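Each of the two complexes below includes subunit A, the first together with subunit B, the second together with subunit C.
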Partner chain A sequence: MSLVKNNLMTVVKKQYVFKLRSFSRFFLVIIATQILGMLFALSNAGGMSATSNEIYSFSIDYNSSIQVFIFTIACVAGITAFLNLKEYKDIDFTFVSNRMSSNLSNIGFLVSLSLFGAITSALSGVSIRVIKYLFISSSKIAEIGFFLTPLEIMCSIGATFLYILLLSSVVYFCTAITRISNVFIIVILAAVLLLPQTPIFSNLVSFYGKEHNFFFFMIKTMITEVLFFLASILVSNNMEVRG
Partner chain B sequence: MKVIQCDNVTKSYKKFNAVNKLSFSIEENTITGLIGRNGAGKTTLLKLLSGFLKTTDGKIKILNEDPFNNLFVSSNTIFIDENMNFSKQLTLDEILSAAKGFYPNFDEIMSRKLLEHFSLTQSKKHNELSKGMTSTFNMILGIASHCALTIMDEPTTGMDAAVRKDMYKIMLKDYIENPRTILISSHHLEELEDILEYILLLKDGTKYLHMPIVDLKEYAISFRGKVEAVNSLIKGRKVLYEESFGKDSIYLVIETNNFQEDMSEARAINIDAKSVSTNDLCIYLTNPKQGGINYVFSKE
Partner chain C sequence: MRNKYIRLIVIAYISFNILSVIFYCTIPNENFVQSKSSVASNQFENMQNEIKNNPQLLTLRISDDKYNFKNYTFDYEGKDLEISIAKDDHQIFINRKATDDNKIEVYWYPGPIEVNGIDFTSVLKEPNIKLNQSKLNINYEKQKYSFTQFSKDITINQFYEKKDNEINNGSTGFGSSLLYIRIPKNLKILENEDFQYLP
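On to the complex of A and B.
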């Protein structure tokens, strides 16, 4: 029997394609979640009602696609956690794989999923605007910030993508370390509960959330994502599988 | 060329050694049966060889490389067991196409013919199959992949006897056409022995014996007759199994170096001497306690 020699990237590519086919349903899950988010947005669940008197009544519905964004980011985070579950992880090792190729193809899949989530999230923001324009009567809508330019849409997609991937990389790392020991589950839960009460959290929020220069924002988030993914690879590279 | 080389391999879980100082090697293009009781360390050994688990001690070489986390070894190995995981949304047809992508030697035409032969619908999902059908599909995948090292752990779990028999025939036919190294563990040695060339018997995580199956057939001899007459034939050799019948009759299995000589010697004194089936022999060799069931029901 002739021996087969594969290089890492060939296997990663095959695994990535296999993953897209195996988990294509996750893309539909994202869309379903976004439709739910849109319904929330349209019902004004997250909008802010302001004041009214006998003459004027107005409501401030700022950032109408924030609900969709939150639903999308939570959905991708959930899918990321799923991918590191033993049941899903073992699928890679049914066919040709090593830990590195499994991780790299996972990361490729998460990047695709995040990009898809970002594009559909931005487009659903546009859809919400169109629906509101058609059904809420255009005369009642203030123009400022309502009509988006293509550049604004591109920036929105870019920023959303980086935010989704950022959380996804953190979740990927967290689930990777929980596979070393269950103690990390407690550590992570404690961190999730306690961190928002510390000043570190508000610093992190302003570090990633209040950066006005898009380029700096891009550099910051991308470096963080690479670091988290690298750490996940290092942590899981020596792990046993199908045990 | 040696495809598998194990040198003093140990795999420990806490304080328990699932595999214990195991050394053996397997030559290229052979079919070896891995036999042992439940908990003898078969699955652990197979997963070590496939590079899924890490050895605690000792060295494993598959195709001259350490298999753990090794892409070259993975490219030339397939591990088949009942717990193979696939995405719930893939059909059998899609899984076969994917397998072709990963294993260039994969015989897609044969795999589809085999699905048809075993009445497996290509449009079915893997998780919709019954236990026996899942094993049948997994084994088809293992055979058709034509990997240099094909490892199968209890591949026939849940299959009915007819399918098992058919599957072994197919495996042998394909092996003759496409020689490769096959390592297969099974509880059904009696069904498997016709296709095996070697047998590796494990007991308590360690090698009990590793020999050609032909030699195993003459490894032991059984005597049935009067106690004194049978005892006179033991001549200090190792008794592998002993069972009493009535007041003064006994059935005895002993190790032998010269099967034919022992056979004629026993017949000369009217003792019923026979060869021992490899399946029974493996059971006797790995018996944890002399006496077996009789011991459980004895009032000692």
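On to the complex of A and C.
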């Protein structure tokens, strides 16, 4: 039993390292996406508002790094979908491997990608603040919202990582079931279009997005991620070797 | 692209982010538009309540450093005085002195101005107060302020009490400034219903 496990882990490790090398361009995609997000954020995409009376007039430029977060999460979701494409799947068979090792190495790669995306996305928020600080006088920047504590930055990295991985696990599962039958493509598309209009969707958003305790949020997202990844493994294990 | 170059780009990008964080940690919390929200409003409100109950207290408050009244003094030997104020949302208190010292003293206290929960009272410019023959003119320059406000990421706000909405929907209000004018005993003021005479 121990020998089998070791063999599996060795293969998974080899495949993981191989994927890190051969799919390293995906890290560049994330960087490019984040730079695009930063450009959006720096171009005052956050909006403006103005208020005045007969003497005083105030205009406020809103800034945030939400664009980087959204771009990153969408980018990793896109990469996850690519990983389950046949061309990418076939790379696994350059090794003596099975579906299990392929999935585990994919999950490992996605975890690495999500972690990279989360760290750089959260730190982009700091970079955006630094760039703004360098180009406009600090007397024109509101103190409120500008300064982040180390704990807030860590919290941002952690939550971003969990959100990216959550979406990634859902996309991974969706792409896994589409390999069983193309009917699932229609089912998923219908779900994507219809689900946001149902109360289930708002309940789901509240379930994760309105959890204010980081520990419980972590538990909720991690359980969901494990379930989706497990389901993906089960689904693909039932497929033929080169399905 | 070769892995070597990809690795270089990734390292460069991470280094840029780390350097940003290091630089960010050294930014002094000075000169920023401070968010002493409601400090000026509370102080102003307290003073208003005090004056309402005991108008004489205003005479004490003008010399209190805590309140930082701006003071203007004019020599005036005329018999009548007209007071002209460009901005009409003022509370104007007039106190007739016990003596005829031929001096008009004007004390100005800015009304609290809060925009998006940020207190701008301290950065407001004082009014131009000039005595022109028998007319005391109180004018304000039009003042424009623009500033940048950052909102924290949703991934931060989700776990912290102070939600981003509270920042963006922070209170906005323009308070009326307070003018306290001390005039010589026998100076006649051209009547204006907005003036409140203190005994």
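By definition in this document, the second predicted complex is superposed on the first by the 216 of 243 C-alpha atoms of A that agree within 3 Å, B and C clash if a C-alpha of one lies under 4 Å from a C-alpha of the other, contacts with A are read in each partner's own complex, and residues count from 1 in each chain.
Simple rule for what comes next: a residue touches a chain if its C-beta (ideal position, glycine included) is under 8 Å from a C-beta of that chain, and two chains touch if they have at least 3 such contacts.
Owing to the predicted nature of the structure, the values given are computational and were not obtained by experimental measurement.
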First, second, both or neither for A:101, with subunit B first and subunit C second: first
Touch count on subunit A, higher of subunit B and subunit C: C
Touching partner for A:112 - first (subunit B), second (subunit C), both, neither: neither
Subunit B versus subunit C as contact partner of A:8, first or second or both or neither: first
Partner chain(s) touched by A:65 [first = subunit B, second = subunit C, both, neither]: second
First, second, both or neither for A:18, with subunit B first and subunit C second: first
Subunit B/subunit C common contact set on subunit A: 21, 24-25
Residue ranges of subunit B in contact with subunit A within the complex: 29, 47, 50-54, 63, 69-72, 74-76, 78-79, 83-87, 89-90, 94, 98-99, 101-105, 146-148, 178-180
Subunit C to subunit A touching residues, read off their complex: 1, 3, 6-7, 9-10, 13-14, 16-18, 20-21, 23-24, 27, 29-35, 87, 89, 113, 115-118, 120, 124, 140-156, 158-160, 164, 167-168, 172, 174
Interface residues, subunit A side, partner subunit C - complex: 21, 24-25, 27-28, 31, 46, 49, 51, 53-66, 69, 116, 119-120, 122-127, 129-130, 132-133, 136-148, 152-153, 155-156, 159-160, 163, 209-214, 217
Subunit B contact footprint on subunit A (complex, rising order): 1-6, 8, 11, 14, 17-18, 21-25, 87-88, 90-91, 93-101, 237-238, 240-243
